[in-house]
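Beneath this line is the structure, given in structure tokens, with notes to follow.
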Amino acid sequence: MYLILLPILFPILAGVCLLVCRKDLSRKLLTVTTGTCLVITGALAITALTRVKQDFTLFYLTRTLPVYFHIDQISILFSLLTVIVFLCAGFFSFAYMKHEQKEKRYYGYYLMAFGVLNGLCFAGNLITFYLFFELLTLSSFPLVLHTGSKEAIMAGLKYLFYSLCGAYASLFGIYFLCQNCDTLTFTAGGVLQVSAASKDGSFFLFLAFMMILGFGVKAGMFPMHAWLPTAHPAAPAPASATLSAVIVKAGVLALIRVIYYIFGADFIRGTWVQTTWLALALVTVFMGSMLAYREPVLKKRLAYSTVSQLSYILFGLAVMNEEAFTGSLLHVLAHGFIKGTLFLTAGAIIYTTGKTKVDELRGIGKEMPLTMWCYTIVSLGLIGIPPTGGFVSKWYLAIGGLAGDIGIFRYLGPAILLVSALLTAGYLLPLTIRGFFPGTDYDYQTLQKREPCPLMTIPILFMTILSVLIGLFPTVIVDTLTDFVSTLI
Amino acid sequence: MGPNLLVNYGEAVAAILFCIGFTNLLLQTNLIKKIIGLNIMDSAIYLFLAEKGYIAGRAAPIVTNGVTSVEAYINPIPSGLVLTGIVVSVSVSALMLSLTIRLYLRYHTLNLDEIAAQLKKEGR
Amino acid sequence: MIICIILIPLLAGILVPVLPFRKRSHKEIFLEGAVILNSILVWYLLLHHSESTFLLAHFTGDLNISFRVDGMSMVFAGLVSGLWPFATLYAFEYMTKEEHENTFFLFYTMTYGITLGIALAANLLTMYFFYELLTLVTVPLVMHTLTREAILASRKYLYYSLGGAAFAFIGLIMVIVYGTTTDFILGGVLDPGKIGDKNNILLLIYVMAFMGFGVKAAVCPFNSWLPQAGVAPTPVTALLHAVAVVKSGAFAIIRLTYYSFGTEFLYGTWAQTTVIIVVMFTIVYGCSRALKETHIKRRLAYSTISNLSYILFGAVIMTPLGLTGALTHLVFHAVMKISSFFCAGAIMHQTDKRYVHELNGLGYKMPCVFGIFTVSSLALMGVPGLAGFISKWNLAGAAVNSRNSLAYAGIACLLLSALLTAIYMLSIVVRAFFPGKDFDDGPIQNVHDPNWKMLLPLFVFTVFIIIFGLHSQPIVDFFYDVATGVY
Amino acid sequence: MDFVCNFPFFSILLSLFSGTICSILPGRAAKVVNRIVIAAVGVMSGILLVYLLGTGESFVYWMGHFPAPWGNEIRAGVLEAGMALFFCIIMYLSMAGGAHKLFDEVEESKHNLYYILINLLLSSLLALVYTNDMFTAYVFVEINTISACGLIMIRQVGRTIEAAVRYMIMSLLGSGLLLFGLCIMYDLTGHLLMSNIKESVSVLIQTGEYQIPLIVSVALMCVGLCIKSALFPFHAWLPDAYGYSTVSSAAILSSLVSKGYIFLLIKIIYRVIGFDIFNNTRIIDVLFVFGLMGMIFGSLSAIKENDIRRMIAFSSVAQIGYIYMGFGMGTQAGMVASIFHILSHAATKSLLFIAAIGLTEVSGGSRKFIDLTGAGYRNKWAGVAFTAGSLSMVGVPLFSGFISKLLFAQAAVQVEGKMLAALIVLGISTVLNAIYFMKTVIRIYAVTGDTSYPCITFKDMKVHAVVLVLFVIVNILLGVSSQPVVNMIEQGLAMFA
């Protein structure tokens, strides 16, 4: 029973202990402790995941508001992603954080964010979810402003306030839902009372829209995406990796939970809300890619890329049919691993060379071949070239889009996805090209092997492999997903 | 009331005189003129009273040659009132005049506005 | 018994300058003893209250000064008596740095009695009476430092409060003339037979009286005294200008709305609409001003303005649920805000810093204070699991339940305000804990947490914030009972 | 007829004669005589009040046993006796409280003159209160004016003389109008005794004759008395007169003299014209409007004022506005409220004047606010008393001001049409009162760096302090146990009819 609590509470408590502890731990001790905690948490989470369908009410906030945990397939999916990315990025940061200060603080918040994310995945009703959603914001913004430069602090605050803004917009909806739903427990197909839906239908559509916008902030959806490109470059690379790979996915998870488990897809389908949502998602996809294309700073470019890619997922959710939904879930995984890898490689590059702009990185492929190979492979994945994970997910998304009953977006959607894929190639590959083909005037004399230490390369490699594996064996995942996806649609 | 005033011209005159006196008392800046206004005002009222008390063809209410019949005399009360009023008026006028003298000694002017201006200059 | 608990603090206060205390600690023990004794008596009284009314004196005609314990009084008196001992303890430590200690404690302790008088008043006149006294007793506290700023602040405070009372007074008159009695009866005492066709006038008077009492509750546009009054010593700002005085305003409005005019009379009228709009505006206005303010205490004061209007927002929804929400926030906000004010006071006491931009890096020097400040900030924002979430939840729930579209907009205001709260509170926290890369902690090397007299109250409040956040059901049930007239 | 019934006559004569006696006494003896007379009159009024409360009806005293309508009459009811008693108390306290200041401000040789004026003033006030004859009333109005004028100018500086002249001019305008109105009334009715006039007036009203002259006459009398009692906008003379005369004079003038005129107006309304007839004229509306304006503008002027005495004087303008507003409501309740306010204001305003002098004394004699800073610490008694008076003025419960506000508001609510205006102005006026009085209170409790002024302790000013305490007690008594007073007023008004 209480097992479900462990992966949530253990890292949070560990993190708090780290933060509160006043003594300056030696670097080694700190690394070992944090590492152990990470591994233990991962193990606990996976153990908890094996007990599917388990549910557990911790206590009641008020009579109608239980703090309730429940594990279903969606939880498993997101939780797995979380565990893997957090472990990889965690180990990466042991090496990376050498050149940052106040590591203890960083690890403390890192662990807390981990626990909170687990809680978010396991949350069984809207209130519990909201609780962890807020906590996630609060525990992750210190990661963003960790470096302590003025820009980082401003970025952190920007992230904080955008997120809170989104959270409160959705809280607006929650207030109303609470009184018009039989329960706030996540139930496939929605829990909105029929009477309320029929009587104040338009108002509840408005609420749904508010909540989409609100949670969409976290997922970087236009028009509230501006925090993302600021926050990512400011944060330390492993933090950006988790941020981009997992934490923004919390927004996606939130939208899945709200739309499919609270309102019910049927309530939204065919309304103006769906149309607007689709439009916003597509705008974001295109805009994100364009901005990334024009961006010279590597991490910022990746951040824009995240904006764009997340809206692929949102597009899939907004289409509301099985294929698109499956595609979205696949893209969650694929993008998680890919973007994680990309940020980690960017981190490795910054760590070794200290350069941040794409133009400065000529010949980097010669210096750090392994890292750059990983970079190239996952880039191809993100563009959507088979046999990587990105191809499969985009395939499903496109099919779903074409099959969807969504008017003009039926064609527009896949078209934009394609254009965006081209742009993706346009902004990711130049680094590969420059890195491996520095041109004739490149001075090979200065070249030196600067491959980072294994603590960095192994996580990168591991995640690269995972992203390829998803592409190679998508059916395993798709099969497990199909069953329960059909219950949602 | 209009026709009545025309018939009772005595009262009308009294009222007009009263107004003249009143305006003078109120608006003149010269203190002496003010006092004159005061006296006009008071006298107007006495005129009014006397007019009220007078009954045509009768004598003043002083028993002269043994006629004690009420019909022979005018109403004595207004006359009494007038007398009292005059006493009051005289004393008030006296007080005003004495005040005026004091002010004049101090400020060498009878103009109330100028006195006020000088007072302001004194600052207290 | 009832009169006793009002008199004990008054007497204790008067005795402070009179008695010859040889040592400061004797005085502290005496005062703390008196306050705690009184609080115990209050709680005893609240728990063993009888329905009967205690008549102190006839005033004029059928107006009288009398006391009674009912649900509302239990809430307010319980709150006040719960906070006062801690605040006094805190004040001992804080006042070591200030002058005229005796005068301070004289009025500070007297205020306790007066506030209880407001809480326990059985009719509108008695409440009005103590309400005015409260103004008078607290003025010396505001002008305590006797600086020019303090004088101006106390002047403004007086003008506003007395002026407000003047308009509240008109409401009192209305209730006297058009009501069956001035006693507080849930549901109102207006006599429809007497009202006749004067509905609109009465509503207008209600709005005026609302604004009148609203002066103390810092309703916009009558709020500017509150931030200015922040020049007072922190125990005053914290306890009086976050709890006792301003909550008296809110309390009085609740009494006026629910117990005198009656919600039945007001519900759905233009008067309700007006006051809701005013309250909503205040919520947003207070927060926006807090955002612009860089003086810590003034920032918190603006925050108080906004939060007080949360309470009023609940109150003017005019349903039992609304009242429940209002009461919840009345109590919870008191704990949260007093906690954050005490933190601000501790900072000022330890470091003499009073502007937000001076706080860089203090978080590591005073971890307890800033930790607690963080908790209270989060609570004020309404993070689930802390007290603020519950009260906002109840308020919003009531608004949703009222099916009043204006109240829906009110929810939006609440949330907007929550966001702004987050910005102005967390920017302090972030500054304190994340001072930036090039931060030099040399100048604040010797700063440390204050001693136990300051920390104990802080910890207790924090514990309550968390307890209220996690397990609020019993107390919210109690509020609901109060709102529906069970007590 | 009981012996007690002679008391009104006795008190008038006593004070009148003692005035004459004072002219040949030295200053100190005159002072003693004056005090004794005031006390004696007070005692007599008290006994009379008790007697009247016992019998429950008013009586008429024929001067020289000439019956109506020829003789001159004195009439005493509960209200008259109560008013006389109250006037005596206030006058005694004011005299006692301001006595020490008198020596500084008035030449030694003129002290006995001062007491003559006071005694004359007392007698004229008593006569105004008791008389049943219109013309007698007029004569005593003039005596009152003359003695008040003397009180103002007894302190021989330019300001006071000028103020006295202005006061005289306005008063004479007022009494001229009063006299003219009175003559018209006499013309219409043929009577001078109030009760007889009233009978004739009601006959006139029933027959519908002479309506316009009647109204003109009433209006003239009202305007005359309004001018004399400084109703806005006829208040221009007031601030100087109250602000610069010696403190006892100011206290007495503001709290008693103007109240005497107002009381006469009340008598005219009730006993000459008849309450209902008066209410049916448009005059009450005019009074109401001017009352409201007075409340506002008086306070506004007070706010602008930079001199504590003048500020208090302007505050009187506002308070007189309250009283006329009560008249203007045209209800019994409004009238009760007004009469209560006469008492309350008299008690408070004289307290304020006396306390203010205590404050200015410790500030180098300056009355400017800037010099008064911190005066409350230097003279604790005066500071506390001033605070109490201010609170009463603002209408804080426990003090008399609250009760009058309460009564006014309750009265206002019962008047259709005037309710809202009255209530709102009442509220605004309270705010304004709060502004200028609280400004002062805070000022006297603020601290300056400059502490060159001496402190005064209880020993230095025993009498002053005791007087202040007594004033505060009177004030609180009125505020706390107002019900008997209100009952008495109601009873007295009932006796008027």
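Order of writing sets the labels: A, B, C and D. Residues in every chain begin at 1.
In this text, a residue touches a chain if its C-beta (ideal position, glycine included) is under 8 Å from a C-beta of that chain, and two chains touch if they have at least 3 such contacts.
Note that the structure is predicted; figures quoted are calculated from it, not measured.
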Chain occupying the most central position, where position means C-alpha average: C
Between chain A and chain B, centroid-to-centroid distance (C-alpha), Å: 102
Interchain centroid distance [CA atoms averaged], chain B/chain C, Å: 67
Chain A-chain D separation of Cα centroids, rounded to whole Å: 83
Rounded Å distance, chain A centre to chain C centre (Cα mean): 43
Chain-level touch network, classified as line, ring, star, complete or other: line
Interchain contacts, given as pairs of chains that touch: A-C, B-D, C-D
Contact set on chain A toward chain C in their complex: 20, 22, 59-63, 65, 101, 127, 130-131, 134-135, 138, 142, 145, 147-150, 153, 156-157, 160-161, 164-165, 168-169, 171-172, 175-176, 178-179
Of chain C, residues touching chain D in the complex: 57-61, 63, 125, 128-129, 132-133, 136, 139-140, 143, 146, 151, 154-155, 158-159, 162-163, 165-167, 169-170, 173-174, 176-178, 201, 204-205, 208, 212
Chain D-touching residues of chain B, taken from the complex the two chains share: 1, 11, 18, 21-22, 25-26, 31, 34, 38, 41-42, 45, 48-49, 52, 77-78, 81, 84-85, 88, 91-92, 95-96, 99-100, 102-103, 106-107, 112, 115-116, 118-119, 122, 124
Interface residues, chain D side, partner chain B - complex: 135, 138-139, 142, 145-146, 149-150, 153, 156-159, 161-162, 164-166, 168-169, 172-173, 176-177, 179-180, 183, 186-187, 192, 212-213
Chain D residues within the chain C interface of the complex: 391, 394-398, 403, 405-406, 409-410, 412-414, 419-420, 423-424, 426-428, 430-431, 434-435, 438-439, 441-443, 445-447, 480, 482-483, 486
